[in-house]
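You will see subunit A twice below: alongside subunit B first, and alongside subunit C after that.
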Partner chain A sequence: MTADEETGARVTNRRSRRREVRLAYLLLVPALIIFAVFVFFPFIKNFQLAFYSTPPFPGLPNRYAGFSQITSVLGSSDFRNSLTVTVFFAVLTVPAGIFLGLLLAVLANQKLRGMAIYRTIFSSTIATSVAVASVVFGTLMSPQVGLLPWLGINPNPAILNNPTLALPAVAITTIWQNLGLSFILMSAGLQSVPEDILEAAKVDGAGTWTCFWRVTVPSLSPTIFFAAVVGSIFAFQTFGQIDLLTQGGPENKTNVLTYFIVTQLHVHQNPGYAAVLSIALFLITLVLTLLQLRFLERRVHYAR
Partner chain B sequence: MSRVALEHITKRFDDVVAVDDLTLEAHDEELLVLLGPSGCGKSTALRIIAGLEAPSEGTVRIGDRDVTDAEAKDRDVAMVFQSYALYPHMTVARNVEFPLRARRVPPAERDERVAEAARALDITELLGRKPAQLSGGQRQRVALARAIVRRPQAFLMDEPLSNLDAKLRVQTRAELVDLQRRFQATVVYVTHDQVEAMTMGHRIAILDRGVLQQVDAPQAVYERPANLFVARFIGTPPMNTIEGRLTGGADHLVFEASGVTVALPAGLASATMSASPDRVVLGVRPEDLRLDPAGSLTAKIILIESLGHERHLVVRLDDGQTVIVRQPGDQTPPRDGEAVTLSANPDSLHLFDADTEQRISS
Partner chain C sequence: MRRPSMRTVTALAVAAVFGLAALPAESATAATSRAALPACPLSALAKAQHPVQITAWHALTQANATALQAATDQFNSSQSQVHVTLVNQPQYNDTQEKFVAGLSTGDLPDVAQIQDTGLQQMIDTHAILPVQSCINADHYSSQLSDFIPRTLSYWTVKGVLYGMPFNVSNPVFFYNKTAFQKAGLDPNSPPQTLNQVMVDAQKLKASGAVTQAGYGLKTDPSDLEEWVAKAGEAYVNNGNGRQARATTAIFDATAAKQVFAWMSKMVSSGLAVVNNDQNTEAYNNLLGIGNGNQAMTIDSSATLGTITQLLNSGQYPNVNLGVGAMPGPSGPGGVLVGGAAFYIVNKSSPAKQAAAWEYLKFLDSPQTQATFGAATGYVPIRKSSVTLPAMQQLWAKIPGYKVAYDQLVTGPSNTATAGPVIGDYQGVRDAVRNAEEAMFSNGVKSNTALAQAVKNATAAIQAYNARVG
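Let's turn to the complex of A and B:
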């Protein structure tokens, strides 16, 4: 190739590259539009809404309220109650879900005949929707039909109307529904624990218990951490079970953030209030996500 | 330390027989090497001793105890894995300490023994690091430290040097031998590297397809291979083998193959007469063949591989077979394609029955 040809080639090359880049952006446009309409715009609009308070009567214009609406919402006892309920809900569901998932995964990891059947059963709840889970458990706990009357038990007030039991009851439904996912996550984690270090531990004199706590669980810690963070994010976004089982009641004892937001928006017609709550939820989720990213980064170092 | 014995051990995986009726003992304070090609069942045998694999048949003894049904954790042996199998989430100190912790050794004694093991393997500066921050050689030393810290009945090592580069391997080999002597350890050492086996083993057990072929001191295995497999497996370059027939009488026995006739020495001849096989295989090591103007074998040089201190001459005999001749580096090299004559040292000929592949003779 002569020098001239080479420059020529480079020019065509650059030109074709530029054309490619243009095509790339063109192909991105549809996705960008969808994102803009359904994600970016509502996201920004939400921040704007947070600064405007909704008038008590429909038809009047929104009033700019600045930070006062934000502070008043975040300082309200309703918000504090909702946040407490949500955190409590996460505490009830996440550790128990991980523990049960791990337990089932360890059981199913045994090299026994017919284990595939159990694996299928254990993971099956992943194919259940929130609605189905809620209906199943709602029926189980109903005072009129299902398990309790059949057993001759008739709690009064009914479980889902009992201020102490309602949230744990919803939590159990959620744990059950997420168990399949938790089981699959933990099984995948277990299978990636190197066989040779487990064998080394056995030869080193460790019994089943020591092996599990000192080798298996530490090796699983990235998986457990991942499950904890993702589980918490799920827990903070729980809506379906609450809506179907308790509608935030009794006495607001199950009024988790998402449900609170929806009632503020649709029942109380108060978009400003709902916007502030949404931002709070967004920030919580953001922190959890950042935590996860930080940890994953560290884990990459550790694995090398 | 104690002896380790396998008695009529057979291990089947579905339809694969990984170990076939193996009876073998590592004496107290002995370094016994299990040698064989890939897939011959070395690791399986070792894992059966460790208790990581249950034998289909047979008995395992450690010391005077029958441990066939004992769990791995109760066997009191230490194992060094090919992958080192260090616990990635623990520091080096914790790794070395783990066997003591698992056995509930009191903390004060633990620290002392970890320090001692670290000194023995020169890893004291590494105690605070994680395995991921160590080089291959350092990991290997940590794995060894974790093994010796326990003062077990025996050490089991599965190709512990195979992940090291050639230079480090030679150095670590010597250190392992030294360590074995200092601790008067019983060691069962698995390798597929015959140089390791020859240099380290007090005795070598050679396995092929799960069957024990021969157990003996390295020199004995080299000088008197029990069968064709061992003859071809031990030695680099491998022994030349030529199939042929025996002719002549007891006082003048001759090995004959197409184009090759070799007179056998009297000792070999008398042993052969009693066996009187039809077809035999004559084996001669490359170092026992030499270029000799008065030699009886005519051949042509087809390839010369020079290693500096020696040369491997690949020559073609009249009947088309190729054999390898080892020539010391200080002798004048032949030319490529040159016609030469060879002679063999008559005292170092090996004769095997072609059907049974077993060694014939003295």
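Let's turn to the complex of A and C:
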């Protein structure tokens, strides 16, 4: 091949590639438009809103507040309280959810007859909506008709109206509701635990506990980490349980970030304030997602 | 007290409509307040093509919704100029949220039923035609003397009536007569003061007439508004927000101090059980009476219809329900109006606004109010309604229904009993509820809790004002 021919081929190549790229962009246009209208525009608008003191009703002017609104919202005791509550909620729900999911998955992983029934039962809460879980637990804990008061557990104020007990009660509801997902994740993870290593460990005289802690758990670590990150993101986006069970009360002790945002927007009609809060939530979730991406990359490496 | 001032305002406004062009050199303040009142386009209805179709949003449910539909059907068939279509919204809050959203999208009704607390926000939307305009234009003011004064004063700010009161209720005292008898108390004399509630609660508990505690305490912040009004005190400054926009909460006076101390003592000594006022637990105070756990509580008179239905079903054989006036601090005041009003939306065409006014007049006629009141348990807002057979029969059958009416006509009409007008009502109520919860669970002293409530309430008021001002 002469130099000229080579150049000619490269040009044709480049041309066809350019044509392909053009086609690709053309095909992306519909999706881009939809994303632009429903995701990018609101997203950018939200950043803009964060700098304005907004009136409760359309028609009145937005007043530029600059960074003062951002600092006053993020420095407020309400925001600090909400952040603390949310982090505490994540701490209550995520490790317990993973632990219970793992426990059930290991139990259901035994090769025994009828195990499919247990697997179905353990994973069943994945088909339960937040609303259903909340109503079920709300009824169980109700001071007038509930099971717990009937058993003699009846503090005054009642569980969901009690600043110390309300958040743990919502957390238990959430753990129960997320248990199905956790169980399925852990079960899937268990499939990838290398049988040969387990066999080898057993041959070397390792007991059940040693096998579990030294082989199963390390092999599961990517799954566990994934579950922890996803669980934390879920925890930071918790809304339904709070809305149905406690409405952020008592004493704002269950006023998680998402619920705080929604009440600022819809109850107090304060879009500017809510915008600052949602940016804060976005940044937190972003950090969690980056962690997850980085780890998943490592997992690919690990699997090799 | 109130009616003459109403008339004065009406006269002034009428004079303004006729005299504004001729007398431009009047005092500046009077001129602005008159200019602020828009005209009610009454004549547009006659010129329009009939029937004029209008849409009304409401948030009533069950029997109440049926009763409103019946009244609306009756209005539609009674004349041929206006036809009203009712659109049901899930809750009062949803209606208000949807209304605010509609201000941007244009999806608005011609008439909207908005809860009591929505008054300041409705004024601030600048999207409503004050019914005062139509009262003046239609020479309706002669009818106003037949309205229970407080139903008018609640929706009146700076002398202008904004919403047309429709369904009105107020809190009453519910107690179980059977338990009272068991405890050796007179089942026909419910406690009149908070102190008596405490004494009765002790007797109920000591005698074993209740399993848990004598009193079911609902952390409903609106009860504090009522107690403060009963004592004749103002809740917020600037005449409860009636003379000018309220800027600070001032409810930490004698009444609230007394009530907070009482609540704190009731709970700490185990005489009261704390009940939530929000979510699904909002009626635990009433269920508690049904289950025999408690025997006394305070709740809205509007619940009486549902309670009566439940009791008639035979589910609670040990309950013989008594209804009494709301006990609490006494003074030159009385209970407040609760419930909702209908607002005319000024974004609609003039013909539709005029049509809306015709509809509202019909809803507030003595006959409609009597029929609606009898079907729902809401207090009829017309004095002459209660002389009509529908109400007389209801009161003869279930005397409990009369209590809310009697409370509303007892006591003076002043700024205290007109009730507070607040922009961020929710924020103020959250402040009060949080303070109560801190007092009940964390042992915060009642005066400290109250001071905190006032501070946070003021912050909420000022944050709202800063955004509309």
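Keep this in mind: the second predicted complex is superposed on the first by the 266 of 304 C-alpha atoms of A that agree within 3 Å, B and C clash if a C-alpha of one lies under 4 Å from a C-alpha of the other, contacts with A are read in each partner's own complex, and residues count from 1 in each chain.
Following the convention adopted for this analysis, contacts are C-beta pairs under 8 Å (C-beta built on N, C-alpha and C of every residue); 3 or more make two chains touch, one makes a residue touch a chain.
What you see is a predicted model, and the numbers here were worked out from it, not measured in a lab.
Annotation for the three-chain superposition on subunit A: subunit B and subunit C fit side by side. With both structures placed on the common chain, the touch criterion links A:152 to neither subunit B nor subunit C. When the two complexes are overlaid on their common chain A, residue A:75 makes contact with neither subunit B nor subunit C. Touch criterion met: A:143 reaches subunit C, while subunit B stays clear of it. Applying the stated contact rule after C-alpha superposition, one finds that A:249 touches subunit C and leaves subunit B untouched. Annotation: apex subunit A, arms to subunit B and subunit C, angle 160° (C-alpha centres, rounded to a multiple of 10).
Of the two partner chains, neither subunit B nor subunit C is touched by A:61.
Taking subunit A as the reference chain, the count of touched residues is higher for C when subunit B and subunit C are set side by side.
When the two structures are aligned on their common chain, the gap between the nearest CA atoms of subunit B and subunit C comes to 50 Å. In the three-chain superposition model, subunit A touches subunit B and subunit C at no common residue.
Interface of subunit B with subunit A (complex): residues 50-52, 71-79, 81, 83, 85-90, 98-99, 101-103, 130, 132, 146, 150, 156. Across the complex, subunit B is touched by residues 194, 196-197, 199-207, 210, 214-215, 218-219, 221, 302-304 of subunit A. Across the complex, subunit C is touched by residues 53-60, 135, 138, 142-145, 154, 156-158, 160-164, 244-247, 249-252, 266-270 of subunit A.
By the touch criterion given at the top, residues 93, 97, 100, 103-104, 121, 124-127, 212-213, 219, 267, 270, 273-276, 278-281, 284, 287-288, 291, 293, 423-424, 426-427, 433-434, 437-438, 440-442, 460, 463-464, 466-468 of subunit C touch subunit A in their complex.
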